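One chain, chain A, links the two complexes that follow: it is found with chain B in the first and with chain C in the second.
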Partner chain A sequence: MKNAGAPGKILKRLKSWEGFLALVLGIIFLANVILSPQYLSLLNQINLFQLSIEKIIVALVMTFIIINAEIDLSVGSMMGLGACVFGWLVQGGMGGGWAILVVLLVGLAGGALNGFFITRIGLPSLVVTLATLIGFRGLARVLVEDRGITDFPDWFDALGQNGLIGPVPFALIAFAVLFVLLFIVLQKSGFGRKTYVIGTNRDVADYAGIDTARHKMKLFLASGLISAFAGLLYAARVGAVRGDVALGFELDIITIVLLGGVSIYGGAGSLIGTLLAILIVLNLRNGMALINITGHIQTGVIGLLLIGSVLLPKLNLSTLFRKNKGQPPEQKEESA
Partner chain B sequence: MVSPVLELAEITKTFGMTAALSSMSIRLWPGEVHAIVGENGAGKSTMIKIMTGLYPPTSGTIKIDGKPVTLTGPQAARDLGVTAIYQEPMVFPDLDVSENIFISSTREGWIQNRADLRRKAQTLIEGIGITLDVDRIASGLTLAEQQAVEIARALSQDVRVLIMDEPTASLSAHEAEQLRKIAVTLARQGVSVVYISHRLEEIFEIADRVTVVRDGRHISTRPIDEVTSEGMIAEMVGREIDSYFARVPSHAQPETVLEVSNLARKDVFEGVSFNLQKGEILCMAGLVGARRTDIALALFGIAPPTSGHITYKGKKVSFQSPRQAIDAGIAYLSEDRRKFGLAMPMDITANITLATLAEFLSPTGLLDHEKERATAEVFREKLNIRTSDIGLPVEMLSGGNQQKVMLAKWLNLKPDLLIFDEPTRGIDIGAKAEVHALIRAFAAAGGAAIVVSSDLPEVLAMGDRILVMREGRQMGIVDGNDATQENIMSMATGQSDMKEAS
Partner chain C sequence: MGALLSRLNPQSLRILGLLAVLVLVVLFFSTQIPHYLNGRLFNRISSSVAIMALIATGQTLVILTRNIDLSIGSIVGFVAFATGGLISSHPDLGPVLLVTYSVLLGAAFGAVNGVLVAYGRIPSIIVTLGTMALFRSALVEYSDAKSITTSNLPHWLVNFPNTVLFQIGQYQFRAAFVAAIVVVLLVHFMLNRFRPARKLYAIGSNPEAAEMAGINTSATVFVAFVLAGALAGLAGFMFLARFGTITVVAGLGLELKSVAAAVVGGVNIFGGSGSVIGALIGAVLIDLIDTSLVRWDMVSEFWREAVLGGLILLSVAADTTLMRRLVNLRISREKAKFSKARNVQSQEVAE
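Here is the complex of A and B:
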């Protein structure tokens, strides 16, 4: 395996999960090109990202959280809360810039709340973030109730709806910058290495002197902050907020990350996988929309894709793909 | 013709390459208390697991009443009257005593008559000679009472062979006595009781016959009055010390690195006092439950002590986290590589640099992969880690090479004090010798080492001094040159105490 030449290397890459995703993406891309003439137009390509931009930004942070063997179910509610706090403050007469600052602080506070219960009290993240999913959403609804708020500053709406560099909007640029930044952090930095080690085996990390609680706290802070930021992007793009902004987004986000090959048990996965999964989901939805397949069926297809992606490795394809992986576990000597 | 109620005939059990049992034979007769003794890893647990159907034997025959049987699982063994109880009783904490006793009973039918069950439970409990209210909830019972419940449960299913595996290890003296009485009562009623214990005095009190096992083999079975504790210990440890385990002169220097005085962790261990010189190897010997690992964890800041003092390099310290211990230059190699030692699916390089990650970071926090690889290569060379590629996951290495990766991780810290916990458990003899050489090299270079080991020949070969623990108490420190397997073992089993007392 080690001495496989360049063609061997390409083959090896293709046989990995990322390779498989790239193949699926290629097929979807080709099908879209053939079935729909508008597909390749620049505006459609931008639109394709723009429609789900908030989710895919949060998916980047969720990748870290799940690799760390945790989960954050409260991201959708935090996006909603961020958007609603902004609307509420602006309606109350606060300047847009100050309101943005407050929203980001609310995001950090929400993340700190999750992090506190998970790392200090030691509750499972599934339970804590399920509770804050309800709590944050409740707060958002209390603030904004059921009427929409639409009177945002013009520059704010423009930022969400117009191109910043040519036709490319701010949010898409933010996504790209964040992707590059987080990619470097996860794959090249000490922080990234710790993220993998803690997700693989928290005890081993603890015994090696890594402050695992602090690390997890940082991740939940980042998750809260980025979710609140994504909520602002949503408010700017749609130009209105209501109590049910981003309702249920957490499930789409987690779906993308798992489809990207991040292990729900932690320790494995990559941002490349997440990016490929993002592209697959967006292009699939876009392609289906262009040939007039309705939203519900689109969702169904993506659900099937997820089931397939979880099922596929179980069908022993993974052992077929990676031959040397996993020797039989050494049976430990029994001590009497 | 009378046949033994349970017989193991020429039973062999292998795990991969290692044989846990080699043609083990034993016969159990009704009405006897049959003690089984042996060191840690002698094969006692494997034997029980074969008797109770948890492991199928690799070869050999299990006979019940002289007829060969195949035990497909614990339920099959129970149906034939073979049951085991362990140190930790298995009771349902929210159910009461009678419900616990009849929990797996199928004889009482679908509709249970509670009054009837209570009466039956009462009879069973009285039958083993204790008084206990059958309406009490199990979580409120003492460990000994919970064990009595478990025994009564076994009796309700017509137990013929009752295996008691270290039943008194976590009991107080009074409770242990109660339990020993139960064992004797049951034997008088015709049950064959198998009694496994590290406490030799218990064995002399209640056993009718004693079987010694060593390295998975049957050594002897004798009536108790033909046995002396010295003879028994000699048989338990009496293997040849091969040339791998030759002693070397101590490298101890006059400078003291660690001073521990009267260290204790509440309800775990107490009264631990020793000092350690630069260049010295201190071995900690003892049997299962001696709490040696807990002392190591206390020194390393994972489970801090509750009283006593640690003086390290002349300063009083109290580490509350591994980070503080590591920063002070203390490293701990866990006995459980999978759980606490190595990130198994991750590559060798990442594991080696794990404890010293800061060393490989640029000011911006980015990892220097080249430097990491170079460091890992140095250790591969130095420790002779046998692998084709340091980019491979550690789980693909043999146990011995995994141990070396773990050692490399800590050596890169250049520690002043290294604590090895069972450094050679489960690795082959060649790798063992290599690990020994590495520990010695560390000490020769001025490091101080604590080696926790259950392997007596290893302890005798490595230890400049040997600290013996028994059930959380320090029994004494022996100079390595004066130590023999027999005197270490008699301290570890509490025999030296008995002699002093008598």
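Here is the complex of A and C:
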């Protein structure tokens, strides 16, 4: 978005993107209501979130990372590592509370490792987090080998599986709270503005006196921490951990964020977009599950949606320009 | 030493460095594992690296243009399954036709990616994240919840990967390995000697400049994706021949492994520099460490991935730091030359 022009223009474009997502969501919602009678039940609505709750929590932080023109491929492995560290510690006799604390520290340490190689050594985040994707997963496997660990404290399982306030489980409340907090941070705070500025043009941000390395370090720390936390939620919800917990989740998470309109080149996107994309993906999956469409096909449909959602608006815009104005569309370089 | 280092082409220097690391790794494990260094090791690594070498080469072509292909694993899976399906329903098909079918099918998938990236102008990471899921679900639909098993396949196909073409002492050169190496060398030769192939580097170094220099960037990027698809198709054929049993999860995760091999081999993830020979050595290095750790008594086999992740990180960090030093060294050498020349010049003027 190098030459997108006035900020009003960006806002307009964002609005239309989010409008488009809302429209898609509306269509999916209506289709679901018509196709399956049990869709609207409160239990199904909670279940819809609960089944992917770990992914959508991490997607919130991933929004920050991608707006900052970085990427974190290691989130799925960190979720797995967090869950496995917890299982390993609890099995070794540590109290649940202490184990949670250690897991969160492991998350911070993992984030610090990513951040160190990205900000101090200056390696691309794609490469660093690809390596830690393999490494963190490896550590998880070292801890639990090929066993499954199930004997968690009762309160821990209950927290993951039962409602906390009425039928609403802890994880969903955590997601809601985190969303509101992060929304305020990204859209209303200086930290959020910096995230956009650095993502738009890191050099300019550097010259403007922003400590960009420090900022990126904070984001990767947050990503590690939240991923480990999400790993705990997974362990609590499923009541068991294995070495392959959350395997491949990173790609689902990134798909959600990109579908939400966050630019892969950084500098553009919003948490509202991510939220709409989350709702679209979850409702689509839920709707398809209710009419017996299986996992791989669901993923395929979401892949199609991801490509289509980026392609279709482009096609429409360019043909509209040609017909209405009767002149070639203005030469606007996409920052591809 | 410094002067020598700065005179060498950075690309050949990198390959020398990788080879040195390879030798060190082999030496290290030969002190740790009894009966490590023999023909069996070579034969084992060479037969497993054939598939990785092909997809790492394809991935390199795409990365050179500042793009990425995350759908490679799904292409390998689909092609392996479809080729297996074809040969089990038409068992009298010849090898040439079957390989052609695999390559064309892979190229067709690559063309889908290429059109969307080069002409649809969608970032490659978005396109290939989408097609990764899409091709996989196409496989699920196509397979109809069945699998291909070795009993469906003709003997020549199952025996192909283990056919020994020639033998030097204990070192067997098996068909799949030799085929893969030939392809990699061919691509390497093209990249260095074939003029149109240099466009890949030009685009990766600076897309705008390449466009202004009259390079059709869209067509070139499109071709890169088609070639990556074709190589993945060939890898799919090898995958079928090697494993025989193909399910809907075949090739899962190969996309990130191929990126890892390329990156360890010194291919710049932001495009413009790197070689397929590097990617090949990267693939061999990863495979070597992977197989050796399993046999090493000091650590449990569960350490494999953890060690691998750490090594990738360290190798890339070392590569970047050394290359930066090298660039600085060159700059200072050029500066020294320049100021010397100026001194001579000013002296001449004074005289």
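The rule is short, and it goes like this: the second predicted complex is superposed on the first by the 299 of 336 C-alpha atoms of A that agree within 3 Å, B and C clash if a C-alpha of one lies under 4 Å from a C-alpha of the other, contacts with A are read in each partner's own complex, and residues count from 1 in each chain.
By our rule, contacts are C-beta pairs under 8 Å (C-beta built on N, C-alpha and C of every residue); 3 or more make two chains touch, one makes a residue touch a chain.
Source: prediction; values computed, not measured.
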For A:Ala176, decide between first (touching chain B), second (touching chain C), both and neither. neither
Could you look at A:Ala268 and tell me whether it touches chain B, chain C, both or neither (first, second, both, neither)? first
If you stack the two complexes on chain A, which partner ends up touching A:Thr200: first (chain B), second (chain C), both, or neither? first
If you stack the two complexes on chain A, which partner ends up touching A:Val33: first (chain B), second (chain C), both, or neither? neither
For A:Leu43, select first, second, both or neither according to whether it touches chain B, chain C, the two together, or no partner. neither
Could you look at A:Lys188 and tell me whether it touches chain B, chain C, both or neither (first, second, both, neither)? first
Residues of chain A touched by chain B versus by chain C: which partner has the larger set? C
Taking the two structures together, which residues of chain A meet both chain B and chain C? 334, 336
Chain B residues touching chain A - in the complex, by the definition given at the top: 15-16, 18, 20, 38-47, 49, 196, 213, 288, 302, 321-323, 325-327, 332, 334, 339-346, 350, 354-355, 357-358, 360-361, 365-367, 369, 388-389, 393, 395-396, 399, 409, 425-426, 454
Residues of chain C touching chain A in the complex: 68, 70, 116, 120-123, 125-127, 129-134, 136-141, 207, 248, 253, 256, 259-260, 263, 269-270, 300, 302-310, 312-313, 316-317, 320-321
Interface residues, chain A side, partner chain B - complex: 2, 184, 188-194, 196-197, 200-201, 203-211, 267-268, 324-327, 330-336
What residues on chain A touch chain C, complex-wise? 73, 117, 121-124, 126-128, 130-139, 141-142, 145-146, 243, 248, 251, 254-255, 258, 264-265, 294, 296-304, 306-307, 310-311, 314, 334, 336
